[in-house]
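Heads up, the next two complexes both have chain A, just with different partners, chain B and then chain C.
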Partner chain A sequence: MHSNQEAKPQLLWLQGVTCNGNTHSFINLETLPQLLEKFEILYHPILPSTKNLHEIVSLKNSCDILIFEGAYDPVLKRGDTLIKDVIVHYAKEADYIIAAGTCASFGGIFKQSAPQRNSGLVFNENITQGPLMAYKEKIINLSGCPIHPEWLSTILNMILSGYSIPLDSLLRPQELYSSLAHHGCSRNEYFEWKVDAKGFGLKEGCLYYEQGCRAPMTHASCNKILWNGVSSKTRVGTPCFGCTEPEFPRNDNYVTKTNMSIPQDVPLDIPKRAYLSVAGMAKTFHIKRLEGKLIDYKRDN
Partner chain B sequence: MITKEIIDQIEGEASIYFDMQDGKVDFADIVFPHFRGMENILQGKNALDALLITPRVCGICGHSHLMAAVRAIEDAYGNSGQIVKLTQKAHNIRELTLTLEIIQNHFKWIYMVLIPKLNSLNNNALQETPLKGAYAASLATKAMSVLSGQWPHSSYMVPGGVTCDPTYIEIMQAKASIEKLIAFFERESLNISLKDFLRFESCKELNELFSDISKIEEQLIMLNMHQKGFSYDTFIVLGEHAFSKKAKIKMTRVTGVDVNHVSTEEPFILNERSYAENALYKNIFHETGPMARLMSKNIKFIKNMHRRYKDSAYTRVMARIYETGYLLEHALNLVSSIDVTQKSIIPLNGIDKVTARGIGVVEAPRGPLIHKIVLQDGIIENYKIITPTQWNISSGPRSKLSPAQKAMSGLSKKEAEFIFRTFDVCSVCTTH
Partner chain C sequence: MARTTKEERKKGIISAALQLFSERGFYITTIPDIAQKVGMSVGNFYNYFGSKDVLAKELLLYISEYLGKNLREINEKEITTKEKIEEIVSMYFRVAKEKPEMIEYFLRVYLSNREVFGSECKGMICVSPFVTEMMIFFDESVSRGDLYNQDFFSAFGLFMGYLGGMVFLFGEDILPEPLSFYEKDITENIYNALKSRS
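Let's turn to the complex of A and B:
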């Protein structure tokens, strides 16, 4: 009889050009012990593994799920072996290949290390020209800089349960990327009534009009499945930078680009004209509650 | 004979080329092979974009990079005529999240690096519980995220303050996570209250604990780590915080420092290209990190340990463990001192009005982290990052060994690899 260990799907975590942010984000997972129990971890950059790096790059094993973190760089070596050869070897046998984070999905920050060379596994930004194009059917892109631990855990558990995972055109699970980072934002009422934040460092006001927030244009569930179980960028007054999208990182991230004081990018798929009509109308109202402080700590002083 | 060893699980990889004589390390040069080019990526961008880009230098200490970046930009504001003075609230929030990042780092190192590597030297004498480290770290990052939005890769510090505007709900959430983590540390790591642990003045007091920490200490002694891994007994601290004092410490002599004396040079490498530069102060190598910080603050437990065991691997390891507790108490004090009625941010002129140089220094988990910025109308002309591992794990020639090279000399290869890790190496930071 096989031992439990042998029966578990084998998971391999490899790295390209990376900051290790996806690795550390994953470690935050509240249910990490329970999730790890379900796999044999062949190799992970910091978690206990059944093989060492030397054994992994000698290419004598195979894995069921390959997770790749970081941008792909054809000349990068891990354990003295070209990562290019390592990923193709494991990709062949794997049932699923997960691009963990935006670098592995689209190139991300580390595409800029060597723009002519580096890319994601399947996509170079949004163009299909990555090294694993031939294995496109097995790829799941979990973009985000870094990856959200709960998103990875959700997908790994869906795989284990045998559920089908519908993907969008950028190979991201619709489950996690059909909604926008805007959904669940605690500032939504300010967005609806077009009340701008008067600056950074305020819980009141919407960050879309001046502070560069891209949540209404960004496929992500950051405000639905909170970060570290408790928060998100917009909840702490930081604009969404659109880190799950192929264009990340953009330039001038803390300011909204405008044309004649109208945001250049309007909420996703909303006709600009429709948006401007509604926005213009909403702006004509003055709603006292939304224009003042939510809590007046000094009232009783 | 020269043999190459690839070291992983150090936030990336390094290669050490050991030149062995009679089974002992005669010389070792250290290579960090992975290029990333963060400084080039930043050139030509808006200065504020450094707050988004630089945390991505490192998955384990991105918050330290964020704080060094924001301080560099604020320094540039100052040099262009607008002095930035934070509110006490913004200052305390920044210090709190930085402190918590150091704490998560140390927990991971203790449980995911130190214990397994001690076991490889001593026949699995210790129980390996890496997920204890992961869990403890996640409590620290949860407490941070209440204020920073997320960890890793928050960008919530901006020139003049912080973007968050916490209510008491967030303050109590953060405080509850810190209290939970302290209780975990007391129960799972110490077997004594944090207060009592921090009252310790001598390592002998650890003997009666029967805990993870006392067992680690026992193993270090059994492996003679109190007689191995000595470096130059010369330390440097450049970040000024409540938990560290800017200073140069030679044995026990403490003197002032000026960050302008910091320089970098090409590493001495024989066999392969390395993308790490050496970092020096007045052209001399110095050790950085928890031991340096605790010496700078005159902490009795570490001063006494150092008197007895100098800058051995033992003192280096125990300092990191002690600092975990020291910072937990500091974090609790900080979270309790945040006055939510103060402003989160002081408004500044637009960044496009800033043409100046700036320098930002913080103590990151492994020591001083320096960001230098040159701005022209708010656009980055030049960006330079110097990270803590560049100090500890420089690679010099035989005539000028770095702290890690010196500490590995004369030991077996296996011991040398362990000593290498006692510096808590961060490969990704080093090859930013």
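Let's turn to the complex of A and C:
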């Protein structure tokens, strides 16, 4: 009879060029202790592990789930071993390979540290290229900068429960990435009636037209699974940066690119003519309720 | 004799209305005048358009859609920005020449009798099919790096104000030459004014 320890899937968490953001985010998971109980953590840079880094890079083990955080750099070493060799070794016998974060998925911010040689595991921005191409069918990309801890816990629980995990063309789970960051934004009425926010951190206004919000073009669950359980960037009045997409990091954050006042990028898959016609119609009307402040602080109690 | 469809009858009314408004003026032309020209009863006319104001708005949409459709064909051609400007100018002048009642209606009824259009045609919503297509033209031209990125209205005003002005002069028989004579220089002027600055 197998002991409980032997029955648990073995999880290995390795890092490329990283800021540790996805680890930092993950340890905020409210149910972290219960989740970790379900795995044997072979190695994680900060969580209690059954093996140490030197044992891992000796390449004598295998794992069931390989999680990689950070950009892939072919000359990077950890434990004096090229991570290139380490990840290929563990990829062979893993059932699942999870790219945690945009760097591991597409290259992200840390691709920029050596743009010619860094990439994600199987994507280099939006081109299919990377060290684990041979194991592409095992890859799950959880892009985000960082990912929400519940995105990872959701996928790990789906794996544990034996659910199939349908992926999109960028290998991201449709469970989390089929909706847009735009869905569930508390400013939707302002978006509808084209009432633009005139700055950041304001309760009123939509951030799309003047403040560079990428939410209508970005696949993410940020306004459905709230951050820290309470909020999101757009809800507090800072625009979405599109951090789950291959083009991240962008160099036009906070700015909406326009050509003769026409937004360069309109909401995903909406024909530009259709968008302009509807937006033009909405902009014509001035809805008093929507143009005023939500809370009148000056009113005496 | 073939029975005309409702759609064809509607187009017939539109055409007749535009003619009469152009010949006699908007206020002088009455619904019975239009109905008579089309060969239908006044009662039947109201089956197509609820009132003169509704007709006025529908005419505007009709013209905008017509011009918008032509503009879209130009937008979708794989030609340079300057060539597109040339084609837009040419198309606009061709309509002014072959269907003067259309542009006349726009200049002399819409622009000059704002009270007729009231709240039904707030802003640019009744000319949306045309304006949207101009937006697409500007968006692509700036995106390609051909035209200078500026506010939409500065560019739109230059382009359409210029063309409208020329057609107005044409309508007043002030131009000594046919409209086509001016196309080349007008295209150059518009292109030079709007092109990207290095």
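Keep this in mind: the second predicted complex is superposed on the first by the 300 of 301 C-alpha atoms of A that agree within 3 Å, B and C clash if a C-alpha of one lies under 4 Å from a C-alpha of the other, contacts with A are read in each partner's own complex, and residues count from 1 in each chain.
One rule holds in what follows: a residue touches a chain if its C-beta (ideal position, glycine included) is under 8 Å from a C-beta of that chain, and two chains touch if they have at least 3 such contacts.
Owing to the predicted nature of the structure, the values given are computational and were not obtained by experimental measurement.
After superposition onto chain A, partners chain B and chain C are found to sit side by side with no clash. After overlaying the two complexes on the shared chain, residue contacts for A:K272 are found with chain C alone; chain B is out of touch.
Once the two structures are overlaid, the count of chain A residues touched is higher for B than for its counterpart among chain B and chain C.
Panel annotation: after superposition on the shared chain A, the angle at the CA centre of chain A between chain B and chain C (CA centres) reads 120 degrees, nearest 10. Contacts of A:N157 after superposition: neither chain B nor chain C is touched.
Within the superposed three-chain model, A:N61 lies out of touch with both chain B and chain C [touch as defined at top].
Of the two partner chains, neither chain B nor chain C is touched by A:N188. By the touch criterion stated above, A:S261 is placed in contact with chain C alone, chain B being left untouched. By the touch criterion defined above, A:T81 reaches neither chain B nor chain C. The least CA distance from chain B to chain C in the superposed model is 17 Å.
Within the complex, the chain A residues that touch chain C are 258-262, 264, 272-273, 276-277, 280-281, 283-285.
In the complex of the two chains, the chain C residues touching chain A come out as 122-125, 128-129, 131-133, 135-136, 138-143, 147, 149-153, 155-156. For chain B in complex with chain A, the touching residues are 6, 8-9, 11-13, 33-37, 40-41, 45-46, 48-49, 51-53, 56-60, 62, 90, 108, 112, 116, 128, 130-131, 134-135, 137-138, 141-142, 144-156, 158, 161-165, 167, 170, 173, 340-341, 343-345, 347, 428.
By the touch criterion given at the top, residues 15, 17-25, 27-30, 32-33, 36, 45-48, 52-54, 76-80, 109-110, 112-114, 145-146, 199-203, 227-238, 241, 249, 251-255, 295, 297-298 of chain A touch chain B in their complex.
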